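In order of appearance the chains are A, B, C and D, and numbering begins at 1 in each one.
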Amino acid sequence: MGAPKKVVLAYSGGLDTSIILKWLQTEYGCEVVTFTADLGQGEELEPARAKAELLGIKPENIYIEDVREEFVRDFVFPMFRANAVYEGLYLLGTSIARPLISKRLVEIAAETGADAVAHGATGKGNDQVRFELSAYALNPDIKVIAPWREWDLTSRTRLLEFAEAHQIPIAKDKRGEAPFSVDANLLHTSSEGKVLEDPAEPAPDYVYQRTVHPEDAPDTPEHIEITFEKGDAVALNGEQLSPATLLTRLNELGGKHGCGRLDLVEGRYVGMKSRGIYETPGGTLLLEAHRGIESITLDKGAAHLKDELMPRYAELIYNGYWFSPEREMLQAAIDHSQARVNGTALLKLYKGSARCVGRWSDDTLYSEQHVTFEEDAGAYDQKDAEGFIRINALRLKLLAARNRR
Amino acid sequence: MGAPKKVVLAYSGGLDTSIILKWLQTEYGCEVVTFTADLGQGEELEPARAKAELLGIKPENIYIEDVREEFVRDFVFPMFRANAVYEGLYLLGTSIARPLISKRLVEIAAETGADAVAHGATGKGNDQVRFELSAYALNPDIKVIAPWREWDLTSRTRLLEFAEAHQIPIAKDKRGEAPFSVDANLLHTSSEGKVLEDPAEPAPDYVYQRTVHPEDAPDTPEHIEITFEKGDAVALNGEQLSPATLLTRLNELGGKHGCGRLDLVEGRYVGMKSRGIYETPGGTLLLEAHRGIESITLDKGAAHLKDELMPRYAELIYNGYWFSPEREMLQAAIDHSQARVNGTALLKLYKGSARCVGRWSDDTLYSEQHVTFEEDAGAYDQKDAEGFIRINALRLKLLAARNRR
Amino acid sequence: MGAPKKVVLAYSGGLDTSIILKWLQTEYGCEVVTFTADLGQGEELEPARAKAELLGIKPENIYIEDVREEFVRDFVFPMFRANAVYEGLYLLGTSIARPLISKRLVEIAAETGADAVAHGATGKGNDQVRFELSAYALNPDIKVIAPWREWDLTSRTRLLEFAEAHQIPIAKDKRGEAPFSVDANLLHTSSEGKVLEDPAEPAPDYVYQRTVHPEDAPDTPEHIEITFEKGDAVALNGEQLSPATLLTRLNELGGKHGCGRLDLVEGRYVGMKSRGIYETPGGTLLLEAHRGIESITLDKGAAHLKDELMPRYAELIYNGYWFSPEREMLQAAIDHSQARVNGTALLKLYKGSARCVGRWSDDTLYSEQHVTFEEDAGAYDQKDAEGFIRINALRLKLLAARNRR
Amino acid sequence: MGAPKKVVLAYSGGLDTSIILKWLQTEYGCEVVTFTADLGQGEELEPARAKAELLGIKPENIYIEDVREEFVRDFVFPMFRANAVYEGLYLLGTSIARPLISKRLVEIAAETGADAVAHGATGKGNDQVRFELSAYALNPDIKVIAPWREWDLTSRTRLLEFAEAHQIPIAKDKRGEAPFSVDANLLHTSSEGKVLEDPAEPAPDYVYQRTVHPEDAPDTPEHIEITFEKGDAVALNGEQLSPATLLTRLNELGGKHGCGRLDLVEGRYVGMKSRGIYETPGGTLLLEAHRGIESITLDKGAAHLKDELMPRYAELIYNGYWFSPEREMLQAAIDHSQARVNGTALLKLYKGSARCVGRWSDDTLYSEQHVTFEEDAGAYDQKDAEGFIRINALRLKLLAARNRR
């Protein structure tokens, strides 16, 4: 791989990516294009522009974009159609944001004639894989630069020295080391490292940033209604909302009631286990509500197949294979199932828990006439069950008779 | 199928199975053996003996047994090794009890020379299937009698008339119809039917029997420690306990904190959807704790395979195939994975939620040395990640290049 | 289920379905509509018209249709996109024809105002299930009549008596019993029963009807080229052909060279095992060629996912769930994978075997530049493999270190 | 990774591994231990001893072992219990030999105090992965040296120069380049590269080494009987044989009749596609026979689960994960299913094809009584099928009714 000539950098405006920006300029002597995305991480973006300019980036090379609607509509919602959870629990908040960032990096590279993209993920984590597999899948000729795997700035001290040597402003609170590492977007906030590295130790309270402590949540439960069309949430309490707006509101509601906290140890794609604290308030509500609507609108043949495919689907997203034929195949199957997943779920939020306690739909498959303990007017002939059981038992009986021999 | 000569009846001592008992005697003129099991449903068993005697059952034909330890050790625990949930949520509390009952029915039939077994499940539900598939799988020649599918006692009025005509005592509170139908054992209580038949309507408070309302749970969280050996819980807060005792304690703890409530619509094996309220206080804690211990002791290769196999495994149990070669094959795979699933999980219980907030094990695979953000003394070479990504990307790049053509 | 008023019967014109026709008339006093389809079974259809008229069917109630193109295009080809084989070997030739017949039965019922459909499958086989599940899935209100499960014509003698009593002409060679039972369509011929009922005994030579004995096949191999577009065969030896024409030609070629014979014991959906002799000459060539083209045009991520989904997909078709949401979901995934499955496979046919010995495509993913043992001009950096292996090994190393403890 | 002090080399005695031997000595100045295994590749092993001695290896450091029985018993047979084929066709002949070699390398390292192992696989193939993952899984501290990824002997010329410079004898026929690359063991022979690199071109006849051309095979079919116990072949034509002896005989039979040739393009784990010619004469017979016995002794619940798990299992072996918890979990499931897979399969071998044409077993599940077209004496009540179908149809009917709305 020859040296890059022009690099599009995923740039947050923070100290680390500013150091990367400067390092790219000095190490490769290449032109740098910055891409700063509003994924709902809750930070101002315009300071990133000022900082990029300060570091010598040409105005036309500074891309600052609000991609929240695209993020929720084209990435978060398709994933929630699958009820995806990784290792039984994790809602993939970080994983699902990476392909979108890579997609824009590659597109901006094409627009600006850049031959490379760069990111600030380390060599130990999953994000490097997600960024890079996405980039290569979208442009097989792109170069990817991962400074954390390349440079020799391997300690906090050396990073700060590099920053000072290159006139990169250092906010006072960035001098010391953060007690843990954070990633955030509209779907979730994750916290890892440092004080969290002993998985036996409960996370300190101050780690949680987006959800109140359940103990501090309102003493009165709150009921909300989430309405779905074709598997996607479209309204909250009867009010139609855009994808990102809806998720924002769900985050507020979930956060207020202390919902969506997760403390877990996960198996990284690169082979080690890591401990993370995840807060996914809105996503937790969304998953519960989506399962609720599916429970009355999906036939069990479709529902069970979805459940069987889900772990693979979630693993693919976790591992960075959003832009892969197998993820797309699974998506095609999942999306096919959602055509009639319409209706409304009623959730009860209370001190850390979100439970679906009611659900209704014009497309319901629930038939009170069939299930009733009361007289069913011939909807169901109980005698049929005898034949059903006897035929299903036949192979087991043949087996039992054989095994006696 | 010729008429049965001697029938072993799953007998609760309640009105319905007493009517069945009498009906078997009058309809078939056959001898009846009663089997009453303590599965932890929380009812006295000795009244069943008195009632059976009153109905003319010979003392040697009355079997009353406490099977709680066997239930938890040989059925509940193996199932929890798999983290089994049906349709994403249901912990299979009713499903897992049925094979044990059938097993004892068939064994007692062999001991007493009976040629048939009988149960009190209706023709619309899953339980008939579970009872009968288990019975046939254990004895291919056994006859199974399901009175609810056969008789003409199709209304409450006719049932009561039959009872009165045959001097079956009717408790006063059984004259009217129960507002919903209940099944209970050491793992869970389920409620279905009647007032619960509209899935849009939240369940009335009085339906919940085993868990306090989260709003009424203690205002202070409680932390507990569950210790596992080879995937099975063996101790609570450091105290070694037998399987049934442990689950009983967990039920108390979970119930006290309002944990394990579930309101859902499920797809029955017989094809209709039904709405159920499930309370699984101890099981909910057990699942959370087991996942917590697995997260540090199971390699992700094993863990992900388990997650992929789980929905099928759960479906098999739900559908009544506990005694099937495919369930046993999956169990063999699951059990193989549990050899080193040892350790302790710390749970926080609070007003309806149970979260694992810490976990430790002598068999942990978590390596702080590898995952640390700090200097790792060469445990991990970040440069390796580049090759890892580039090789994994190769097929995606070839694909992208082809798709451009 | 009330008595049917008007029934659409799947009518072959043979003795058995003629008896059914008459039985429907006499048993239910209902009007009968006949549907006779040319699925490529190799029999004249017009005699069925004459016979139906003879049995009193009104001309407007006689439907005779050539559905061969629809059969191959909409049923056989979608199934072959999946490389579907049941229990490792069976190409599902009978299974795939049933949903099409049911679809037309239900459509004709709608056109003619019939309230029921009827078929001539017995109560022991899979076909009854396939016919009926398809019918119910397409019209939940349709009645289905399966005379073999209902009537008392349970011996050959009684059938013949019934035929004679109702002036149904009996061909001389139908007086005695056939030595085995046959089903045929454009995809395959199956033979079952009677002389084939001992699975230890090789099938007599005279059972095979559609393929020459390999020993009698030409002594010289023949090479053919099959061209695919989007996963479907479109040309043979460079000549564009319609689906049914193409399959017809492949049948001739395969039959001539003794290809596609199968002698197996299969597990029926209804629980018993049965032995069948299948001849699928064209389908065998098609499968081999399709796998050949996929081998160069499908990425392994897609290909392996297809392989994992296939057994389920095949089972669904075998069991009669063509018209089910889960089959459609799998089809959506499979079809998504076929967008670039274009190209030509070269097969060698010789005395019973058909092997792909060459394959090429404008959409190939095969890169001689990457795979070559020669100098590859930097297409692949072998050093990347070290990182790839080391990262993939990390979890195994952590595991090995733990297991030593 | 520091320099190795003592290395155990997988040594064939051929030119390439002799060069590696010398290179290890000169590059690292380390002591070399050679391991030469008879896996049934059909070459004399003693010349390897002489050559190793000539290259300065101490006699006690020369390990030459016949591992054929272990290979077949502990690797090939367990794999065949699963009916494993990769990408629908490949019987994994090379893949399954690698873990055994690595196991012995690691064991010999422990015996001899070596800190490293070395192999002669290139950086483009799968074998490097298989060798190294196995080694790391068995000893997490072992060093692995892969000279082809490290050295600069990147052309034939430089290799020969190195050999001459170090007095490594070069057989005359090794001066020029082989027209393709070969791997062989008791299970198969694979040929790759050079003349085979264009997948459109049929392989030249001279590539095939182990099977006669079907055109040259005997004009008379041969029938053989293979007997299985617990899923493993134990006898041929009634004669009990050890695993390796049995496979050797099957190779002779299959080879004589031209069976087991495969020409395919496969997706390598490292991401590229490669074309291979595989000859697996005995294995092809074994697979056909094993499926034949399973067809009468395995319940379809077990059989279908096996079919669904198989592609993953095969992929794991192909990718080098023999020694992984997930392969072991699958093996546990598969082995559980084989307890009653006993019986004899009759195969017909003829000019390239091997077909099972009969099978029998004391453990058969085939019940002529149930399946017969004749009177079955009440073994099966056809009326049961109606209930079976109606219950299975219920969800489809509810769905159809909903979809009409």
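Here is the rule we use: contacts are C-beta pairs under 8 Å (C-beta built on N, C-alpha and C of every residue); 3 or more make two chains touch, one makes a residue touch a chain.
For clarity, every value in this text was computed on a predicted model and none was experimentally measured.
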Count of contact steps on the shortest path from chain B to chain D: 1
Selected pair, greater C-beta contact count between C-D and B-C: C-D
Distance from chain C to chain A - Cα centre to Cα centre, in angstrom: 42
Separation of chain B from chain C, taking each centre as the mean of its C-alpha atoms, in whole Å: 40
Intercentroid distance (Cα basis), chain D paired with chain C, Å: 32
Contacts with 2+ other chains: residues of chain C: 267, 270, 272-273, 299-301, 304, 312, 324-325, 364-365, 367, 370, 380, 383-386, 388, 391-396, 398-399
Residues of chain A that touch chain D when the two form their complex: 299-301, 340, 362-365, 367, 370, 380-381, 383-388, 390-392, 394-396, 398-399, 402-403, 405
Chain C-facing residues of chain D, complex: 83, 87-89, 122-124, 128-129, 132-133, 136-140, 146, 148-149, 154-155, 181, 193-194, 197-203, 214-215, 219, 221, 261-268, 270, 272-275, 291-292, 295-296, 299-300, 303-304, 307-308, 310-312, 315, 323-325, 346, 348, 350-353, 355-360, 364-368, 370-373, 375, 380, 382-386, 388-389, 392-393, 396-401
Touching residues on chain D, where the partner in the complex is chain B: 267, 270-273, 298-299, 301-302, 304-306, 312, 321, 324-326, 328-330, 332-337, 391-395, 398
